[in-house]
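Each in structure tokens, the structures are laid out below.
Here come two complexes built around chain A, the first alongside chain B, the second alongside chain C.
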Partner chain A sequence: MMKNKFLLFIMVLLVIPIAGWGQDETEPDGVVESVPPAPPTNLSAFDTPNDNGHSISLQWDLSADDVEGNLDFAGYRILRAESPDGPYEIRKDSIPRGTMSERDSGVKESDNQDYFPREKDFWYKVVTLHKNGNAESEVFGPVRAVGQLYNWGKTPVAAAVILFTVFTLFFIQKARAGAELYVRPLAGIDAVDEAIGRATEMGKPILYVLGLGTAADVATIASFTILSRVAKKVAEYQTSLIVPCYDPIVMTVAQETVKTAYYDAGRPDAYHEDDVFFVTNQQFAYVGGVNGIMIREKPATNFYLGKFYAESLILAETGSATGSIQIAGTDEVTQIPFFVVACDYTLIGEELYAASAYLGREPILLGSLKGQDYCKALVIISILLGVIAAIFNWDGFMNLFTVGN
Partner chain B sequence: MKREIPLMIVFVTGLFMAVQFFVPHSKSEFVYEFVMEWTIIIGIFALALGIWSIVRVSANKIKRRAENWQYAIIILAGLISMPIFALTGGLESYMWRHFFNYIIMPLHATMFSLLAFFIASAAFRAFRAHSLLASVLLFSAIIIMLRFNPFLGFLGEPIGDLAAWILNVPNMAAKRAIIIGIGLGMVGTALKVILGIERTYMGSD
Partner chain C sequence: MRKGPVIVVAVVAVLFIISLISRMSGVPEGTSTFESLASAFWVTFAAFLTLAVMSFLYKDNPFYKFAEHLYVGVSAAYWMCLGFWTTLVGNLFPRVSETLSNWFEVPYAGFHPHYLIPPALGIILLMRLSPKGGWISRWALAFIVGTTAGLNLPRFLRSDFISQISSTFMPLFVQWQGFGHFFSNLSLSASGQLVGMLSNLVIFVGVFCGIIYFYFSKEHKGAFGVGSRFGIWILMVTFGASFGYTVMGRISLLVGRLTFLLDDWLGLIQ
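Up next is the complex of A and B:
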């Protein structure tokens, strides 16, 4: 009996260290057991402000496990359902660690796979992605996306537009009342008459290029106005005008503009519909066509007014090689240097828009120009104040100019 | 009435487009997109007018035996043949692809590549140091060219820093000033069009 008890005692003594030895091998000191991560807390969701009603914004507090250096914590996932009990679908996956807000958005087309319905209740959950498993936040809902009638983020733009309109209308009214408005001279505009006169003396045509813009581009609209003035002078001086067009709608408007200018000048018989014609709407084919006209017809004066891209220098250099006087103007900032180096006169940026007022010298147009100048002065003052505000950290002033989406 | 109705249409649509910018609601977006689709439809009709214009101008040239009238034949031949190839064999047909890949594309590439030579000739004229401002331009251009020349990397950081300063400070300041002016000019012109002050685009001022 005693012998058996002794054997049992020996076996227990042997088993305990063996078990302990085994345990030491599988779970060394310092290793964390498979404990599920803490979920994100305080989840809230709300209709995204200032949007078209197809997105919901979510915010949450980070999971307690979302700490620097915890490589087991992969990030978050957003789940959405049409009822609190589910089923939940994944809306956003692999949101990086440390993220506390996200937007669940989609498109408004109902036949699109990414459709996000408006004015429909949704419930949301945020899930942590962790090596040891996932932990879900509390369900939040219902929340629905609604389209807004006004984008408050664009209030600074609205204020600027209203201010600009008030300034413009005020100066137009002043001009109508007969006030003398001074506008500084523009060399490019002053040269228009001289250039047309030169063409008349030489007996050569004038080439007017409206650029690659469409009739909806403001630069093209400004160019139509200048074309009208140029065509009127051309009709008076009995010179010929060539207007090759890139866009068919632009061609139609240009034809009407030139025709009316000839009528206004009392020379309807001098107008030929074929002088304003469509070339092509392929950029470099158009350049080839216009360059061909320059080389064959050798116009005395070339006007490049409107929207121009890579073709600007190809046109202007060819015109320079054929010995034409060249007047250019565009609102494409990247093309202005090319025109400056290759043309005799260049209307830089806004001067293109101001040109019609300069040419017409009508009080109403000059009034609008004056309003523009005052707005520019306001912009300069705002920039100077902004610099001072930035130096002294006056965030309130700088936030006045922050524009949202 | 002939003038008032178009002006009224311009005023109403112009005002709607201006207001629409501040209204994010999807119904407002729908109307905006609807109107934009209409411009595409109008564009398609206008394309027919454009084609008619080029056919008429080219045919007249051939008829009058005007100078270089032979080019007009090539224009008409291209204008007629490409749609025929596309309509008979589709865009994958041998003839259409052949004409597109071996005639149109090389011609486009040739025109575009001329730009490199024109830049050189224009730069040669622009960089003549005939005045103080032209000399400043020349000096700035030399610095920028040195910075971006792959063979002159040994000139090191001072040139790179100076080039970056030229690009980011005086160049950027001038660029932004032009952009602000353009923005104001665009709004001013749009306002004049909406209010009917500017109406030469309708064929009369």
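Up next is the complex of A and C:
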């Protein structure tokens, strides 16, 4: 009996692998059962806060197949429709795996292809992109984009604007009241009069280059003030002035500036509108033109004040080769080294703004310069406090300087 | 006639023939003689302009003048055309006039009355050409300068002011675990504690002293003067690094032009 049981046990053991082998044979070799991916869950959509009302933010939980090492999982796709039944259009495709939120945004111009209407109901779905097929989340909607009047994320910018304005207005008022506002002297500023005098003695013209900035760039505006001062001196000394311009609007403002300076100097007859002229609006063609003027007219003094880019070294080198005294100034940090190397005097960054205030001596300019200085004092204090906050992990203070989108 | 220009023209003509021969020897099947000739002519003309601009390094000469005037004239004309087709035809006409849109074959986008403001300002600007009405152009100028400056203010305050301040908020003692740990783990590794602390310290002191240098309302004497001098040293070191980096970029531009001359034009580089 015992022997029979043992034989039966051995037979069962033998049958199990045979049965398994037989089962394997029921499916052909190389065919893997295709299992559809798990869809994303808990999809929610809401109006993006602090925006102009042309975007919807979406959040979802990752698909169960969105795991490290699953090479079949390609990512997600966002679909949008104007009714829950569709038709759905693709709004975002190939969203990388691991992403749990996305923003569907567009532009506000209705004639643009990427127009995103405000206050219109939309329904959303998020689709899993998988090698074995796509799986859709449940539909979420309706949701609509609404514009906000105030962007709370930009409160630090609003505070900075108010602070800056208050300081500036206060000091402008003070300067108008006749208060003596001290501005430390700068070597480049003192050299301006000297350079004009040299040109007068040599009987050669002065070249004034306003750079490639537009009439609204701060550096160009500062340069207009210095141009006004130079033009006034030029009119008094009866020297000639050449102002080749890169931008037509800048040329127009420069003509007005020079004209007014000549009137102020009591020499309106000496003003020639053709001295301030447009060259071209193409960077290196402009450089070629100005270089030609330098070589042919051989000005005694060259001023490069404004916004400069790659042309700075070419201009300054040519001026240096023609033996001119050169005074340069720009707020383009990458170009300052070239002016430092090739010019006699360089106004670094904000020194250009200070120079315009110093030379102009107008209450508005002096007041705004003082306002900036007091803002800088606040910056110094903020940096000191910020570094201490970073050491002790006081996130609250550091968040005060975080600007949202 | 002066000898110099004649010699240069002769040299360019000879190089044109060399360029033509090199082109004709390596042209693909089916290229006509005229196409080879035209290709050789245009590449020679481009090379001639390159050499004419480079001749400025020697001194001012008629070839440089020719290249300069051609470049300035063509670029100004091109900019004018581009402005007309992108600004007026591309943006304005489709939003103000169906007739003009049809005339220029651009899709009409409906009448948008506020699009009439920019051309009105443009016409006001053009009043400068009138001796009596020139003063009106100041209104347009004031609008352009004032609006753009106002729009730029928040942008500058955000990127150049607040963002710069918050970027300087960094701990001076990175991963600080006490003096014992610090001295027993001294290393010049880029990811090490010592380098991290030095890096943060340089940024903090550099920004601090740099701002002091640009403070104009106080005389730079005493401790303030020391901070200011250190600030300008930091700036000069930064400028030196920037200078070297940019010069490197310019040399690659020169290499690009030389490659054009030796390869595209003369076919000397294989």
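Definition applied: the second predicted complex is superposed on the first by the 348 of 405 C-alpha atoms of A that agree within 3 Å, B and C clash if a C-alpha of one lies under 4 Å from a C-alpha of the other, contacts with A are read in each partner's own complex, and residues count from 1 in each chain.
Heads up, the rule we're going with is that contacts are C-beta pairs under 8 Å (C-beta built on N, C-alpha and C of every residue); 3 or more make two chains touch, one makes a residue touch a chain.
Here the structure is a predicted model, which means the values were calculated and not measured.
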First (chain B), second (chain C), both or neither touched by A:342: first
Touching partner for A:35 - first (chain B), second (chain C), both, neither: neither
Contacts of A:184 with chain B and chain C, given as first, second, both or neither: second
Partner chain in contact with A:53 - chain B first, chain C second, else both or neither: first
Touched partner set for A:391, first chain B, second chain C, both or neither: second
Contacts of A:376 with chain B and chain C, given as first, second, both or neither: both
First, second, both or neither for A:218, with chain B first and chain C second: both
Partner chain(s) touched by A:401 [first = chain B, second = chain C, both, neither]: second
Touching partner for A:257 - first (chain B), second (chain C), both, neither: first
Residues of chain A that lie at the interface with chain B and also at the interface with chain C: 154, 157, 161, 164, 215-216, 218, 221, 249, 252-253, 256, 278-282, 284-285, 288, 292, 296, 313, 333, 336, 338, 340-341, 348-350, 354, 369, 375-376, 379
Footprint of chain A on chain C - complex, ascending: 53, 56, 59-60, 64-65, 67-68, 71-72, 74-76, 78-79, 109-110, 125, 128, 137-138, 141, 144-145, 147-149, 152-154, 156-158, 161-163, 165-166, 168-173, 204, 207-208, 211-212, 214-220, 235-236, 239-240, 242-243, 246, 250
Sites on chain A touched by chain B in the complex: 50-54, 108, 118, 147-151, 154, 157-158, 161, 164-165, 168, 172, 215-216, 218, 221-222, 224-225, 227-228, 245, 247-249, 251-253, 256-257, 259-260, 264, 274, 277-285, 287-288, 292, 296, 310, 313-314, 316-317, 331, 333, 336, 338, 340-342, 348-350, 352-354, 356, 360, 364-365, 368-369, 371-372, 375-376, 379
Contact set on chain B toward chain A in their complex: 18, 21-27, 29, 39, 42-43, 46-51, 53-54, 56-57, 60, 67-68, 71, 104, 107-108, 111-112, 114-115, 118-119, 121-123, 125-126, 175, 178-182, 184-193, 197-198, 200-205
Complex interface listing, chain A residues touching chain C: 111, 154, 156-157, 160-161, 164, 181-184, 214-216, 218, 221, 249, 252-253, 255-256, 278-282, 284-286, 288-289, 291-292, 295-296, 313, 333-334, 336-338, 340-341, 348-351, 354, 369-370, 373-377, 379-380, 382-384, 386-387, 389-391, 398, 401-403
